[in-house]
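In the two assemblies presented below, subunit A is common to both, partnered first by subunit B and then by subunit C.
Showing the complex of A and B:
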């Protein structure tokens, strides 16, 4: 009698827990600051979550493969520099492609360091992050690469506000996020690469024995994280109209947090692309809501930490119960 | 296996080059101090200046001010460049003391590592004047910092002046640096004091952690929570510029933004009309002031502190209005 509803909670939490958390968060902020429910603010939160979300989508694959990528912040920073430095010289499309290429290349180096040099992902991506930030600082001579709102107006394409009736939204980040997540989901669910990634995350040796091209798969995973971090960089450079090595400082933790909030296990093997999507929105919503209420820095940190802990504790306890019952 | 060995070899070579690169900068650093060793003359007294990093414009101006004042007062001058490196800061500054400087002026890249330097100086009875950044809680003789509180007050007075006759609300907001930036926090306090004296209300004080991307998102949140805001003060220019971009993206040009630092990006934003002012620090006069203080101590005088408990001496700041840069 007692056992069944207990299991029921686990069942629903696993599937809809992050979504429920999002709704509860929304409800709490709606009470504390009614203006946070205005359509324009909700759209702002959505489009803001794109920067974190797009990178977190790539990060989901990395974490699912049993690793993670601590260099995405540095890649984002370098991407803003490459974009802002090259746009005035070569125009929008070449600068964009070059930025994505640089992101992919940085990711590939991560993948090579992890697979060919057998460096642990933590150390490899941490070191690569330092190197990439160093490269970005050298590239910009330590200063900022500024874009002009009038002369380089085309850079605004990734963050242009669009007015639809009384609504105002940055449409491009939303569309980019939607595209990245749909591709991410399809790859994760329906392609061999998705299956390989999960298998490697569950048991790398078994995957190797089964004839899965482990090294190639991992390299691809990190190329994707690099490229997604670059896409996030494009949006940020466009919003701030500048490129700077420091623009990605601390960003890697946001991307990892969104992914884990979404239910992707750090142990590897289990990813949840849509969970990551909601996780990114949740993170953006919490920050937005706390600002709307006007909470000071100390309490904001406290609150965000507690929410993270609560969500992860529920999932953690649930896994513990599963292990016991298994 | 062979391929892996080859890759390891390649990486080792690459690393060797990277380290070699670092070594090179070390060499020039040392040769710099070797050169300066020759300039220690037997006659007259010598003032040594250990600068944060001569790559940055701010410290170039500071050095220019220091040097000109040292020469004007008839002392010998030795310069040491820390190149933003903690190790170079400690070894270089102690080297200056060992070379027999009579007073040490230092703008420390790592204030928390000042103690060994100050100890070495005290052992030889060499006065230590800290120029900006922070004193690391050590036993320095004086620290010169920009008058942040008064700078904030100037920003507030200017905002009030611009808003004269404005029919809008009396709501303003402050975007703060991180709470650990003790001097920067005074800027907001000064602003708050004078803006509230003029009858305005500070409705929100949010921390942007000195980052431009957070200045951007906080401005978006402020527009959602307090759309009738009339002015925003940012405790540093990167956040001010971020906020100005968010405003421009939202198509708003009716909110006054004043920043702090006098950074080039803020001047650009003022030229473009998206920002209205910034409070500039004056590193050249700060440099001159440190030499005057050192001179007072060397000639047996006593210092007149602005804050005796922390031995702080304030250097004046300059408000730059948008009209000044057109």
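Showing the complex of A and C:
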């Protein structure tokens, strides 16, 4: 039917829109503050984006399956507490594994609430977020779990500065992000779980009718968002040398923002893992760039909000055009 | 007098000419049918009339004056109402609220419910809908909802009412009610444009018929001057008797047997069997429980009791994935709601439930997926651009073939097909029928649940009839007759053909 592919603005926007936005942002900051373009700063931006990026990668699956996860912020907070409290007791590896296990368990509870109790994802993950944060506060008696830098030097492993020539970079977050995204992409693109996730987001009724294990797939999706939030928690705890229930406050919205900026549709069925990757970098870049030119947090929020609206408006108008002509 | 006239309409979408120099003139007060295969351009033309699409060039004249229809409200202000295939009602609002939602009586934002319900009651009396204005739409049957859509159109006092496949979800009785309404509207001088795939309806209800083919105008005739074969050959350029012929097959061993299936308040004491190479129809009115019966066999819904025996062994089928493993294939009655994955590629739409067999070390082998796609698309004559095309861009007939291919790909021995040709055109219909009889010839046991009696009578070896959750008929092909089936379906008779296995 559609023999000649139609290649107008819409075609290119769909594929490269988020990347173009990133380049434009970079160019703007380069003009405003030449320091933004130094290799050191770019590497800083990249490693800063890791915390959001890793969770957003998990979030991409949740959104693609037609839901989302509002509890990742709380899971991140709880993870920092679990890590900080258990590292002095059990050592690095057990503490790390325990943290990931807690994240996975929290995610599994989300998945079970959604599939077995039939609670809407918004409510299920909102409530679970509150519960998890409550648990984290109780667990830490409402205070911070500080890690002593000398006694717990190995905690730095997730955020250690490494010198490469004249460049200094936090290598671990970068490697972890790369690993998460490569795995995420392979799973999304080449595995049953990826196809099942997309098919559920595209049409849950059809997925059930076709005999796809809908409940199991959804539970796995939320376990993965939980685990990725925990990985982000490990990095944050390591960077700050502390654990606190409030460290993830508002973080869930960052993860969702990065995902949506990257072109994953909240309506489900359409995901874009690399888009999420770039979305996370874009968020980090805006924060970093505005910091460099001396604008404070309120301007960062304002700018991110505006960019999010602009990107979605372009895509929304595009869909409207497609509807009118298809 | 001409009520609405379209002249030299052109409309193209990326890569396809949807309308290519189409002109049509509709007389005031007539029922004018528009027919054509899927992709012929009928829906596009109606959407241009309804203000949903802009045309590329051409002109529209209403009562002889040229006018531009830019939006849905623009169409309404020109006196055109369109009732689309998909109903656009809000289930949690009442009938009255749904009908007048864009024009609620009252002042200062306050709704005058007395007046609203009074207006609605008058309308309901006029069209003889048996319900209360305050009933929630969610409590209505599909045909009643259709009626509410029609009342919405009438409430705008539109002179021209366009109905796009209004009977797609109606059973025979409900179609009669719709006919009555159309007659009433016609008597009031309204002009009706009627789109349908069901040729019988065209002959039942229309005064004139316009045929479109591949986006082009073929011709307009007085319906009384045509017969079914002549109309079909206008539509497809071929004769219908060439399209599909029943191939008798001799049933073999029993493959599927169900005993005493029951679900409280829905069906009870349902027992029947299905043999290799046998196509068995299941007829019945909407709401008689036949969908629920077969869905419970497939594990899609629960039932209270009864046994399902496959090739002599009793099976506990708790979910569709178990059913597929045991060799039961299923094609849904509602492609859009529970059939296709609209956003996904055609390749994924075929392979999605046999991915385990197509994977190695957990990774899907796209080369094997492609092989699967090619083997089915070539043997089933499916048309598509490339393997990455999204299924939403295919015609209904092609989508249906993909869903059928998905069921077959999992290697089923029993195929349950609901409404095999709902909403697809004559050409594709005949192809589906040929596919089914080809499958039966190879030994597939097939259950066809259909609301269209001609369909059951043309493809089935025998047919079951269900009334209020019980089997009231088991009729062999030779004895099938529309009246007999209807009498069984309405509970006026039970008929079991002699010598027929049930």
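Some points to look at:
Convention: the second predicted complex is superposed on the first by the 315 of 326 C-alpha atoms of A that agree within 3 Å, B and C clash if a C-alpha of one lies under 4 Å from a C-alpha of the other, contacts with A are read in each partner's own complex, and residues count from 1 in each chain.
As a convention for this text, contacts are C-beta pairs under 8 Å (C-beta built on N, C-alpha and C of every residue); 3 or more make two chains touch, one makes a residue touch a chain.
All values derive from a computational prediction rather than experimental measurement.
After superposition on subunit A, the partners subunit B and subunit C are seen to fit next to each other with no clash.
When the two structures are aligned on the shared chain, A:203 is found in touch with subunit C, with no touch to subunit B.
In the superposition on chain A, contact of A:190 is made with subunit C only, not with subunit B. Ranking subunit B and subunit C by residues of subunit A touched puts B first. After superposing the two complexes on chain A, the closest approach between C-alpha atoms of subunit B and subunit C comes to 9 Å. Common to the subunit B-facing and subunit C-facing surfaces of subunit A is no residue whatsoever. On the side of subunit A, the complex with subunit B involves touching residues 33, 35-36, 38, 40-41, 44, 48, 112-113, 116-118, 141-142, 144, 146, 148-150, 156, 159-161, 168, 170, 236, 239-242, 244, 246-247, 249, 287-288, 291-292, 294, 296-298, 300.
Those residues of subunit A that touch subunit C in the complex are listed here as 1-6, 186, 190-192, 195-196, 198-199, 201-203, 205-213, 269-270, 324-326.
Across the interface of their complex, subunit A is touched by residues 3-4, 7-8, 11, 55-56, 176, 178-179, 203-207, 209, 211-213, 216-218, 220-222, 224-225, 241-242, 245-246, 248-251, 264-265, 268, 272, 274 of subunit B. Those residues of subunit C that touch subunit A in the complex are listed here as 13-16, 52-54, 300, 319-321, 323-324, 330, 332, 337-344, 348, 352-353, 355-356, 359, 362-364, 383-385, 389, 393-394, 406, 410.
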